[in-house]
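Presented sequentially are two complexes of chain A, the first with chain B as partner and the second with chain C.
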Partner chain A sequence: MNPTLVVAFLRLRLTSPLRLGLLLLLTLFPLGAAVITTSLSPLGGLGAPIALILAAGAIGQDVSSGTLQLLLVRPVSRPSVIVNRWLASVLAAAGLTIAVLILGTIGLLLKGTHPDALDLGRMVLESTCGAAGSAAVMIMLSTLVGGLGDVALLLLAMIMTQMVEGLATFEHWGWVVRASEEAKDALLPQLSFEWMLHHTPPSWFAIVSWASTLTLALAVAIARLNRRELSYAAG
Partner chain B sequence: MPAIEVENLVKSYTRGMGGMGGRVTALAGVSLSFEPGETVGIIGPNGAGKTTLLGCLLGFLRPDSGRLAIEGRAVDDLEIRAATGYLPERLVLDRWMSGMAFMHYHHALLKLPERARHDDCQALLDRVGLDREAADRRVGRYSRGMLQRLALAQALLGKPRFLYLDEPISGVDPAGIVTFREILSGLSASGATVIINSHQLSEVERVCHRVVFVKQGKVEAMETTHAGASHSRVLRVRLSALQAPPTAERLSTLAAGAGATFRGWSAPDARFAVADDAGATALLAALIGAGIAVVEASPEEGRLERLFTGAQSAPPVGDPA
Partner chain C sequence: MPPAEPATPRGSSRRDPMWLWIVAGALLVARIATGIYEEKFPPTRPDLVSWVPAAEAPARAAATGKPILYDFSADWCGPCQNMSREVFADPKLAAAVSSFVVPVHVVDRQREEGHNSALVDSLQRAHAVSAFPTLVVVGAGGKMIDNNEGYPGAQQFMSWLAAASVRARAGARGVVTTPHP
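Let's turn to the complex of A and B:
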């Protein structure tokens, strides 16, 4: 881990009014809902969207603006830029999720409701894993297109898979439905920790599937950035 | 061993969607070497391949073929990068940071000692003429000249042994240009290899030891400049108008006796080719010793302009860089 890269990336993200506004919207509404309904459920799964907001344009924006060149003149390898920006997104998303969960818990305690500690732990783990998976996919997309094109690419891919799934369900194409579901899981890799509450063994298939999707996304991102030509002479 | 070696470097780009626009050759077998302590200017018309050459040297671009080595290592070797400074032409610095925070950031990326961070950065900002108020200001609010100074300051962090400057004085005021010259002079004395990509020919001629003229992706010519004191050059000697002008034969004989070559005579200036600084001194001593009243002597300037103008009249090439 390169703390300089992590801190600089987070400072850049948290000084963007647009991103801050989106983060506030994303966290305040569920927080209010949690307090009103005296349940932490609305706060579940916050990690993935927070990570998406933070990781959007992680590479593409710097390539488009040209700031990546000045960074790569320094003794910093291209893979380390990918890994540290991914790490920064995950750490920030996990930290924000924990902060929101703490605020939600305080709100619930003030209303006389005691949240289940195990459930809180599950939510933290699920949010962190969701953030790790989503940030990896977003950063991979960010190496493919310039600016914030990764957001458009992700939305397009999600709409396409949704449409294909709908059509396949209507036409009873079982394998296409299954493929669409897998594609959706690959776009936003999540990992469920429900088994903690039911005292059942975890699904190793789900863990391996999540970990392999994340690893593949980061590997593609590294390979793509390693091959990318950065001079404006390259057009 | 040369500091930087470039051997038969070839680089081309595909154009259009899916390469349907064909391939354009930006560098067609460039071979160069740069010595430690040498300041070299790369000049040429737009699209000649200068930016591509710099991009390859900095590891931003992958050559199609050929060899690039910096102190015998790959251009993207992290130890080489730690000794590299770069001033980009497009000053897209991190605009959300203050000037000082930007310097701190690059100091940290270079893994330089943290305890010296603020002092190192402050010293360099002072050196390029950015005051405390400017250092605390957001980079996004800098003028073009201030951005240029900040970019130069960050390029000098860590006392680089290899410095690449892309249009380094574009937008800089005269005081800044003087500072730039002083900094370059110091770098050269410290043994740093400096490569300057610039269209400011008079400045290149003034600060560089050698100039590489690139055209259509090839090294068209290499010129030594008067900044390269150890290299041969043409000396323009102005003679007093109060004295009857000497004959060309006499000047030729005197020059030959001092190891120089008489190049021509256009009253009141005579032109001589000398081998180096010592040759220039010997020539002037011979002229004065022979009773010829010398009122001024200066290296002949404007060769680069002539070289450049000749190139500009050549047919344009569809080159991207």
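Let's turn to the complex of A and C:
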């Protein structure tokens, strides 16, 4: 981990008015809903969307603006840029989620409701894992296209998968439905920790699928950036 | 000031981390293997509902003032397994079921053993069970309050059960039929 790279990336992200506005929208409404309904459920799964907002354009935007070329003049390896930007997105998403959950818990305590500690722990773990998976996929997509093209690419892939799944369900094509479900999980990798509450063994397939998507996304991102010609002349 | 790494990396700054590809490949193989395994042997969750034997249910219902829920199911019935996994294995929902009703699990063994016990047969006949799962809520005095054929999903099942339980406690008379949830 390179703290300088992490801090520099987060400074860039958290000074963008558009991203800050989106983050506020994403956290304030569920927070209000949690206090009104006296349940922390609306705050579940916040990590993934927060990570997507932070990681969007992580590489593509900097390539388009020429910032990455300038950064790579320094003794910084390309893989470390990818890994540290992914790490920064995950840490910030986890931190924000925890902060929102703390505020939600305070709100609930003020209304006389005591949230379950185990449930809180599950939400933190699920949000962090969701953030790690989603940020890895977003950064991989960001190495493929310039600017914020990764957002369009992700939306397009999600819409296509949804359409294929709908058609396959209608036509009873079992293996296509299964493939579409796998593709959807790969686009937004999540990991459920419900088993913690039920005191039952976890699904190893779910754990391995999430870890596999995450590592593959990071490996592809690094391979793609390593093979990309990045210079002012190339631009 | 652009950030610099703490130590200057040796060799090419574009070298692919081989260990990452090895880990990714190994995880991909494990993903396929666990996928096939869990397709054949889906993970099971223990049933958390405190089921009451059918013979004891009327006395228990009279003592507690709760209606009886008869859950007619079979081991081979897919929706019954879904209901078990999503409702009866969920701590909160299982607790809610036990607080609303006196739950009775009636398992059909016709396909496996060729016949059912006399009690199971009589209960199935009494409630005209023709498919699984069939859920029947019976109030005080053995009056049927509501019934539902099929598993509509955890949320809808709980709403249906809560409504039937309230009607039973309010002393509803006769058979009340509501649309399937």
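What we mean here is this: the second predicted complex is superposed on the first by the 233 of 235 C-alpha atoms of A that agree within 3 Å, B and C clash if a C-alpha of one lies under 4 Å from a C-alpha of the other, contacts with A are read in each partner's own complex, and residues count from 1 in each chain.
To be clear about the criterion, contacts are C-beta pairs under 8 Å (C-beta built on N, C-alpha and C of every residue); 3 or more make two chains touch, one makes a residue touch a chain.
Note that the structure is predicted; figures quoted are calculated from it, not measured.
After overlaying the two complexes on the shared chain, residue contacts for A:70 are found with chain B and with chain C alike. Judged by the touch definition given at the top, the superposed model places A:33 against neither chain B nor chain C. Once chain A of one complex is fitted onto chain A of the other, the partner contacts of A:15 are limited to chain B, with no touch recorded for chain C. Residue contacts after overlaying the shared chain place A:218 against chain C, while chain B stays out of touching range. Greater residue coverage of chain A by touch, when chain B is weighed against chain C, goes to C. By the document's definition of touching, of the two partners only chain B reaches A:229; chain C does not. Shared-chain residue A:148: touches no atom of chain B or chain C. In the superposition on chain A, A:203 makes contact with chain C only, while chain B stays out of contact range. Across the two superposed structures, the residue set of chain A contacted by chain B and also by chain C is 4-5, 8, 70-77, 227. Contacts from chain C toward chain A in the complex involve residues 2-6, 8-9, 13-17, 20-21, 23-24, 27-28, 30-31, 34-35, 37-38, 43-46, 89-91.
Taken together, the chain A residues at the contact with chain C in this complex read 2, 4-5, 8, 70-80, 197-198, 200-205, 208-209, 211-212, 215-216, 218-219, 222-223, 226-227.
Residues 13, 15, 26, 51-52, 54-55, 58-62, 78-79, 81-82, 84-86, 88, 90, 92-94, 96-97, 105-106, 108-111, 154, 320-321 of chain B are the ones that touch chain A when the two sit in their complex.
Across the complex, chain A meets chain B through its residues 4-5, 8, 11-12, 15, 65-67, 69-77, 227, 229-235.
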